[in-house]
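Just below is one structure, and these are the notes that go with it.
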Amino acid sequence: MIVKIEPEANRRTQKSKRFIWMKHSDSFMKGLLMVPTLMSASFVIFIVGFISRKGIAPFLPSVYGSERVNAFSFLSGTTWFVPPNVYGILFIVINTLYIVALSTLISVPLSVASALFVTRILPKKLQGVFKSIIELLAAIPSVIYGVFGLGIIAKSVVRLAELFHAQTAGGISTLTTIIVLAIMIYPTITMMSVAAISAVDPALEHHSLALGATKVQTMTKVTLASAKPGIFTGIILGVGRALGEATAVSMVAGNAGSGPSLMLFSTTRTLTSTMLLGLKETSGMDYDIRFSVGLVLIGVIFVSNFILAHFKKKVGRFS
Amino acid sequence: MNTFDVRELVLTYDGKAALQHVSMNIIPKQVTALIGPSGCGKSSLLRCLNRMNDLIDGCNVEGEILFHGENIYAKNYNVYELRTKVGMVFQKPSPFPMSIFDNVAYGPRCQGINDKKTLENIVKKALVDAALYDEVKERLKESAMALSGGQQQRLSIARTIAMQPEVILMDEPTSALDPIATGKIEELIFDLKKHYTIVIVTHNMQQAARISDYTAFFLMGNLVEFNTTEQIFRQPTQAKTEEYITGRFG
Amino acid sequence: MMSLVGVMVLALIMGFIINRGVGLLTWDLLIGDYHPTTYNLSLPTTESLGGFARPNDLDESAFFSQMWGLGLMDDVDFEGKAVVRVIYVDAQSPLQMMRDKNNLERVVGLFPGLALEKVIFSDLTIGLSRTKAENFIILFDTHEGINDLLAVSSGNGIRGAIITTGLLIGFALMIALPIGIFSAVYLHEFAPKNNAFIHTMRKMIDTLSGVPSIVYGLMGAAVFIPFTSRISKAEGGNLFSGALTLAVMVLPIIISATIDALRAVPDDYRKASLALGANHTQTTFRIVIKSAVPGIMSAVLLSVGRMIGESAALIYAVGTAIKDHIILTEKSASLAVFIWSVMAGEVPNFELACSVAIIIMMVVLFINVLIKLVARRFALLP
């Protein structure tokens, strides 16, 4: 009898061992998968940490000794480079904000009008086509926008300048940069606006129409009002893209040594173009100071995001 | 000995009670039907029996459920072992997006059975027992998604009995099916009763009367009445039960 | 009317790059070297001169030497400088037997496409690149020996850039896919819900997607270049530092697209699997991930689309030098950086930039269509 029971008991312990293993393998897998997740999440800290470390170096006597850059004149200067070690970035920040603000001002009405037209007037079938076109526009690499900006927009700006009897450096100017950026953020804002307006309950519009409002009144007062937070998210994304856009901007902005350049036909210099243009050496002050510019860029993006998010809360109060 | 002994079971979702002090037992090799209006807690009880409620956030269980005398909510109880012994068939047939064979072989494979011959035997036997084999034997390698709704549900049953469980829990297994497919499933349940203990949740009173040996009637989280099906449908002791089975509410 | 802006801009951009770039778009562009090669050749012995017939399909504006079996034409190089281009060499021509001056054992026949820089004939008469094709033919026809011939291949090919782009994308995916997919699986399938720490991690990953590409470039330069220099013989930017940078850049794309794909897997599958006694790990890897494969495919496509056009990050993390022979531990320009490089010179090369732009746009367009197709098939699943 005993001999007969033993294999059965053995089989049972083996089986229950397997169930315990199944339980443990779950905990093990949970721990194992946490590793890549922690890695993915920590990259943000990596980015800010390492760029800070390198970006602060130009101001440290321990690294550059008497050659070091004065941090105060760096932040308040209006001339980029006076040899050997004077770098000023304030005018570049002003240029950047000026250009981004104007391009956003151009892009937002176009985007919102497009979104309204597409969602409320265009037949369903064409909507898909339009969305695909916008997606494609968003997917065009920035270097191609740069080539296009230099080949078409800069040329048109030269003609425009001639009308005003103004000089341009071959079309490389503040205005060209503004137009290129406006084109580049148009798909971003349009996509978000389309999504926001599509999400507006049609019943809301029917109520407005039933109260005797015209179609245009309904669109502007009801539809847009309820889609405002979504549109604003689009604007935040667009501004973020415009601030960080580097390649296309560097190709059309020029290399102005001092500023700010508020004139539309003069050459300019943005934070990103400063980082990209004339990059030759991969060590020394001229290289390291670009990380300081990068650090300022991160700061500008962070602050503008913060302010816009605050505004978004305000406009979204009622919806 | 009873298969399950449910004792003073209290189930809450985010603090809201779904079952209140329910006590009942499940008798081996019998069909027990759980009936009652929507939201009465019958499905919640079913899900407690193989601890599928663990997956729902904010779900809390008090009291105990003994499976062969062992509390399945005890701290060290192995839930995977429980689920191999207590299988479940859901309301909506949900074949995995893989072949019919792989669907049935999935459970055994998860238990580490990889021998081809053994798997083939298990799959064949499960499909035969689920009365599906003759319909699909030519296309075991084809996608299970192509089967009809009734076939998919019998596949779900085959998948469950491939694990050779003791108990099969069925959560309204025919509510998504047409009358002919429903009839086939009911016949199947009748056959399965010989080897398995079955607990079935159903909305359909006639179904409960046709196939079950015991019936439990739930109302708003309370077990109102539990008795043999014959008693419940002939001579209910509670007025509420009578009202429900005669269709005056529900 | 206003909404036509998008359509117009797209048409304008496509029209522009096609108009300027399509002329250069040939097979030679795709497989050719970028840097011109100079050939220094000599002809020690001359046999079988004379008696060559002008081929019928030779261009009418070309000049032909019956003595040497050689066709020449006036042309311009990519900088617009006038050159004399070899366009035909007869199979029997003695010019096919020319030797490399630096290694006389090596036979390097003159071949079509080369531009003649300088030819010193046997009596020391010299023909230079500024000599017109017509005069060159006269010089050839009046001389029976060549001491010295200097010719330059046309260059301007993008083979190196294509290989660089492929390698960068391949390596980056090899790094980013496992990390991204497993992160997504953890966050969606394993992580506890309503947990502050998990929530913070997700926020941090989301923040990553808003980081401009030039900042990724700075990170590549500050983190990955030193890192790869330490573990390999690289000094400065290299393909590994570039791939690592791109990998971090596409990580948020892969994670969010994979989470979307996992979210689309019906919960019924998970429940059914668990009810069969499978554990969480088995359910996730045998059922859930399998059903999410189409979604993960579109994650891959999205990130390839992002990487193929990436320039700013790579300018910092790899460098802008255009290479014909790729060494993994050295700098090299991807297609997008190639455009940047040829545009950054004194005279921007619009034609070359636009033809590369056409190639990139074709890939981007193809990827966009593919994503749509995958999404459509995916939607058909239950």
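Lettered A, B and C in written order, each chain numbered from 1.
Heads up, the rule we're going with is that a residue touches a chain if its C-beta (ideal position, glycine included) is under 8 Å from a C-beta of that chain, and two chains touch if they have at least 3 such contacts.
None of the values given here were measured: they were computed from a predicted structure.
The chain with its C-alpha centre at the largest distance from the centre of chain A is B. Nearest to the overall CA centre, using the mean of each chain's CA atoms, is chain A. When chain pairs are compared by their number of contacting C-beta pairs, A-C comes first.
Here the CA centre of chain A is 53 Å from the CA centre of chain B. Mean C-alpha positions place chain B and chain C at a centre distance of 60 Å.
Distance from the chain A centre to the chain C centre is 26 Å, each centre being the mean of its Cα atoms. Chain contacts: chain B has residues 80-81, 111 touching two or more partner chains.
Of all residues in chain A, those that touch two or more other chains are 22-23. Residue positions of chain C touching 2 or more other chains: 279, 282.
Those residues of chain A lying in contact with chain B across their complex are 15-16, 18-20, 22-23.
Those residues of chain B whose C-beta lies close enough to touch chain C in the complex are 50, 52, 55, 57, 80-81, 83-84, 87-88, 90, 92, 94, 96-98, 106-107, 109-111, 145, 156, 159-160, 163.
Note for the complex: chain C touches chain B at residues 193-194, 266, 268-279, 282, 286-287, 290-291, 381-382. By the touch rule above, chain A contacts chain C in their complex via residues 22-23, 25-26, 29-30, 33-34, 36-47, 50-51, 53-54, 109-110, 113-115, 117-118, 122, 130, 132-137, 139-148, 150-152, 183, 186-187, 190, 237, 240-241, 243-247, 251, 272, 275-276, 279, 282, 290-291, 294, 297-298, 301, 305.
Of all the residues in chain C, the ones that touch chain A in their complex are 2-3, 5-7, 9-10, 12-13, 16-17, 20, 178-180, 182-183, 185-187, 190-191, 200-202, 204-205, 207-208, 210-216, 218-219, 221-223, 225, 236-237, 248, 251-252, 255, 279-282, 284, 305, 308-312, 315-316, 320, 336-337, 339-340, 343, 348, 350, 353-354, 357, 360-361, 364-365, 367-368, 372.
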